[in-house]
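In structure tokens below, several structures.
In the two assemblies presented below, subunit A is common to both, partnered first by subunit B and then by subunit C.
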Partner chain A sequence: MIASLRRLSLLACALLATPLSFATDTPTPREMWHGAVELQYAELSAASERLEASAARFCQSPDEALRQRLENDWLSAYQAWQAVRFIQFGPVEQNSRGWQLQFWPDRKNLVGSKVRGWLKAAEAPDAQDIASDSVAIQGFPALEYLLYDDAMDEQALSDPGACSLMQAITTHLADTTSALHRDWQAFGEHYLETPDYTETTLASAIQALEILEDKRLGEPMGLKGAPANGYLAEAWRSGQTVRLVESSLEGLRTGFLPGLTALLREADALPLAEAFRDQLDKTLVQASELPPGLVPSLEDEEAFRGLQSLYLDISQLRHLLGNEIAGELGLVRGFNSSDGD
Partner chain B sequence: MQRRQVLKVGLGSVAMALTPLSWALPAREEAAWLFSAVDDPRGGHYIAGVALDGQTRFMIEVPERCHGGCLRPDSRQAVLFARRPGTRMHVIDGDSRQLAHTIAAGEGYHFYGHGVFDLSGRYLYVTANRLEDSAGLVRVYDAANDYAHVRDMPLGGIGPHELRLMPDGDTLVIGLGGIKTHPDYGRVKLNLDTMAPALMLLDRHSGEILARHEPSYHQLSCRHLDVAADGTVIAGYQFEGPEWETHPLICRLAADGHFSELALPEDVTASLNQYTASVAFSRISNTVLVTAPRGNRVLLLDTAQGKLIASLALPDAAGARCDGNGGFLVSSGQGGLYRVTPGSATPQLVASLELRWDNHLT
Partner chain C sequence: MPAIMLRRPLAGIVALSALMPFAPVAVDTAAADTVSADAVVKHYADLAHANYADALNAAQALNERIDELLANPTAETLSAAKQAWLQARVPYQQSEVFRFGNAVVDDWEGQLNAWPLDEGMIDYVEGDDYQHELGNEGATANIIANEQITVGGETLDVSDITPALLADLNEIGGSEANVASGYHAIEFLLWGQDLHGFEEGNGERPVSDYQTGDDCTHGHCDRRRSYLDAVSDLLVDDLEWMVAQWAPETEGNYRQELLAESDQEGLRRMLFGMGSLSLGELAGERMKVALEANSFEDEHDCFSDNTHNSHYYNGQGVQNIYTGSYQRLDGSVVEGPSLQDLLSQADSELADTLGAQLEATMARLDAIKQAAEAESSPMAFDMMIAPGNEQGSELINEAILSLVAQTGSIEQAAGELGVTSLQPDDAGHRF
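Then we have the complex of A and B:
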């Protein structure tokens, strides 16, 4: 409430200083981004609370229907995170929150060994124990292990130890995402009054598309110089890799595109915004027509061709934003400024 | 496996003759090459030796991105270090323009990207992480004995980064970043809420910790530093907390041992975007330069009091070194090599290369 009031007064100040050539009721690109991302973080927080409640219900009276509901709630919260993952600055960087939500890639199967370690523990952890342990146990991948890993055939999720662990993780996740949402609101004033964040937001979206192309698809598909390796894919245990990609694309559509369009309109380059929207829509259609998993498609020629089309669509989308649009807007990305030490 | 490229574009020797590099510390009359870790535009990792005109250069391909380096006194060797969590250091021979040795950190260790020699050039001190307990160490290597590992000096803390030799020749000054990382977790920062950074002094013979100065806030990661001839140390922080807060980013250890943080105007501190990269003292003018790649600028400060002389725009400002004439050479992650002279309003572009210079010039 207070945060939104603060935003309103800031908006009023910004409008007073705005040249007359701008219509006074047109929000700026950063205002649009901040507002859209706030809704995305709100949805992530709400979906995480639904997941926490769902885990508690299942543990109270485990049955097949509640388990199905739990799996659905896990997936929709995970997808809500994918939607806003293109924001890689601001409150999500605090305490490595992005890593807490999703530790990936996991080349050493740290998620597996952390979960197994806690399953063997004499005393089940609470949310505080999870908060002070490693990022590998704190997020969606650890829950995915509990819900889907083959090893869980031997130990029922409804066992008290496994259930307590799951509840501790979902509680931690709900706490983290709620804090993230709150902190994003408070971050608004700084974000809106600091012009550099326009470039930061653009660069963050470009990097998100690069990661999507190279890491989330290219590497597991074997397109980056090493053989295909399904274990490098996200959500290989649940077979939801492509659904997560789709959610990230949808998140760009709702959270990023409106602000980008406003920015390109200001730069008198609206056709580039339209080209980006068209390519994004085409890519979304391609993603939605594929089966949810990536790993099964590695062994199936026709399905692999579908993945390749998605990869190429994303590659074009990345080129459009990272080269053409960034070039038009004069965005130069640094080497050390984006990844120094 | 290591590919070597020699690229010569005339005029190099002329420009070099005009700008000899003199060094008060470490003892060295003249250095023909600037050494730096670089990436090529396709993302390949190299160590580059570049003549001072920025034109003549050679490149050695390496398997992982490197970071800082140091010159070996009384030799033509330089050592460059893989960046966190890399596990190799590379000895480069400036005469033959070849890789002379590659030394591994050893099972269970990784380097942080910086090292320094003693005045004789025999012992090399390298910051490292012992993975089993995340202990920050200075590992000691004997260059006279094929860089054999001699011993380790624990620092009672996590994440040592850049270190330099004090003018007494016996004391090391070390930026302890305080950030816990582990190769299994890539570059994930694992302890941002419990960091304990420091600027430290260490006796290089006994390993005794002589001083531990803590920054004013626990998320101010003390990383890079340089020492003036009189023993004054300037160190730069990287702030790991909320980016909407403003904290001091530069500290000073006076020759008498007094530790302080520089009170720069708040808008100047804010313009650095929470991040400093290289620190370099001029051996001639009483100035020190700090690069801030995220703020796309460099600061010039006076050595005596740490007062701000100038804040100059320079895109992706990365590595810095004194140029031997009272000014500085500064590399940009975007490929430019600049000369920054106190009293001059803008950095002068010396050369523009199709390279991404990493954060440090050696």
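Then we have the complex of A and C:
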């Protein structure tokens, strides 16, 4: 019911959408960003719908092939989210949608305790129950728990309770990402008309790289003053930490780089755009050559060296954007939500 | 914590410096109605000194009440110690605005106010309701029950519980959740775990946990007594050190170092502290995370349920810096040349706007405080964040929005006052 309503409204929205006024010649940097990100949100929404359908199929006839497909669809949708995660402003801020999709880091295993809570509940939740509960139950990490956590060895995912919970979460996720895509389209006019969003977009990408360097790699690897702790990594249950990092880098390549290049061309600083692209490509190659997980590499010297190379490549990428390019464009950073501890 | 931006779409994260008006700050002190940046920064140091002096006095009172509790453990002496703890939070939470921007405070405060903590490192906990940090070996070390603990493959002798030992144990094994000292360790030792979840009620530690001989409950009362004694002594020692850092005419202390910096650097530290506490820390870490995740594990004062006051006095601290005014615990008021005066000279409209926004935030935080302290059916912070509590989430969301709004104006004020970057000076220091 909810899913079909959602699709109807999406269709209506597509029909009613007024074409955005594009400049006659070359698109401006913000036009390029808006268009590229729209495609990324569209892919996230589509991948989430595939995941929702896949969950429904598995629950109907749980077999090994459908389970494999479900795991693949979960990872694809999670990767589609990683690709557009560098956009940390606009519709994704509404109702903490970023956290709804991925509550992380989760130091105290809130995801685990919320999932266990629902598994023990007398009645399985529907998407509405999920929508009004904690962000920790709403996103990819909660699904990851159901698919991969050791505790699920004792309770089959195909059990009615667990399967209903999974379906409720995937439906909520599909609703959220569909709304996100629609709202990004509606946000276009305001985004294009407001010059400040050029700086906002840049700063958001810089912050995404800082998080990638410090939080997504540095902290779990033990490079930030405390010992390594694999539980601080994303997707430690499924062992897909590095694949998610790779998807974020690919997302910068397709969603962010074209607009950045246009911006630097306007500023007569094209060599900086080329340097950023080259470093990004080098980093992507490094990421693609590593094993998918982070935790096993903490115990393996050679694999750890590979991770360190990736960390250094990302660090250089962050420096290029956050120092050299930001300096060239005269950016001044203000407060952000990571200023706390 | 989850690294999601928390801001209105329009509150720019950055501003083009080319667009920033550089208002040269007046240094003409001859005219009576002119405030100089130099005087404002100097008064900021005075505010810090008065605030930390109050925090020290209140901690000394707490230490005395704890000594009385240990000398004669009764419901009355336990209650008096709790009251003294609550009172000690009033100045300390206001002082947190000095933390961000002044590395001398930020590097020191972990030993006093680290949070959230894995309290199982200190004392007994109830297994089912105890959620600790994943991968933290210290989370169940229980120093009170053990003369030796093993963390990170290292075995430590903790037989003699002294202030120095607790200082050394803080963040042992590299986990910030391993909090051996400070306000929250004392809070846990006075109140105990809050096992009520989203329901009314806070920690219910029996006073018999501090009795000797056969009256002792939960075992190891002698070590628990030593712990409480040592941890409250350490708090006093630490605050004495910080008061000295801000004392006037003291050779080589932080105050001298700060005042030797340029006026711009002083203003930057003031504004950085106000903005960081408002947005990243209070609105983000302490309110938004707890609310959106419906997580009482992320409640600030989770044992005592005093979170509403911790938030309220954080907000008060931000306002103090702006108005250059601090009401001391004895009721007297420290006043002097303020940031507000200085900003008024550059842009009186912005100065008024920011002043009104800080007032609005205090009204929002007061609404939370009133709800939590209401005589009939009070709603504490951990009840406000329960799933489906619309009234509670609205109270918190209003406060968050107000803090976000004031942060936007603090950024603008920085531009007006010629503070060109709010990034901390010491790039190696992590915020």
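The rule is simple: the second predicted complex is superposed on the first by the 311 of 341 C-alpha atoms of A that agree within 3 Å, B and C clash if a C-alpha of one lies under 4 Å from a C-alpha of the other, contacts with A are read in each partner's own complex, and residues count from 1 in each chain.
Note that in this section a contact is a pair of C-beta atoms (placed from the backbone, for glycine too) under 8 Å apart; a residue touches a chain by one contact, two chains touch by 3 or more.
Values in this document were obtained by computation on a predicted structure and should not be read as measured data.
Once subunit A is used to superpose the two complexes, subunit B occupies space that clashes with subunit C. Using the contact criterion defined above for the overlaid structures, shared-chain residue A:Trp104 touches subunit C, although it does not reach subunit B.
In the superposition on chain A, A:Pro29 makes contact with neither subunit B nor subunit C. Of the two partner chains placed by the overlay, neither subunit B nor subunit C lies in contact with A:Gly139. The larger set of touched subunit A residues comes from C, when the choice is between subunit B and subunit C.
In the superposition on chain A, A:Gly293 makes contact with neither subunit B nor subunit C.
In the overlay built on the shared chain, the residue A:Val332 is in contact with subunit B and with subunit C.
When both complexes are overlaid on chain A, the residue A:Gly259 reaches neither subunit B nor subunit C. Using the contact criterion defined above for the overlaid structures, shared-chain residue A:Phe89 touches subunit B and also reaches subunit C.
Legend: residue contacts after superposition of the two complexes on their common chain; A:Pro227 is shown touching subunit C, with no touch to subunit B.
Superposed model on chain A: among 206-214, 260-268 or 350-358, the stretch of subunit B in collision with subunit C is 350-358, the rest showing no clash.
Residues 89-90, 93, 96, 99, 103, 107-108, 110, 134-136, 187, 190, 196, 332, 334-337, 340-341 of subunit A lie at the contact with subunit B in one complex and at the contact with subunit C in the other.
Against subunit A, in their complex, subunit B makes its touches with residues 39, 67, 83-84, 113, 184-185, 188-190, 192-193, 241-244, 273, 275, 277, 293-294, 296, 315-316, 318, 333-334, 356-359.
For subunit A in complex with subunit B, the touching residues are 89-91, 93-96, 99, 103, 107-108, 110, 134-136, 183, 187, 189-190, 196, 332, 334-337, 340-341. On the side of subunit A, the complex with subunit C involves touching residues 88-90, 93, 96, 98-99, 102-110, 113, 132-136, 187, 190, 194, 196, 199-200, 202-204, 207, 211, 215, 222, 224-227, 229-232, 329-341.
Here subunit C touches subunit A in the complex through residues 1-7, 9-10, 12-18, 20, 100, 116, 131-136, 152, 173-177, 275-276, 278-281, 283-286, 288, 292-295, 297-298, 387-388, 407, 410-411, 414, 420-423, 430-431, going by the rule given at the top.
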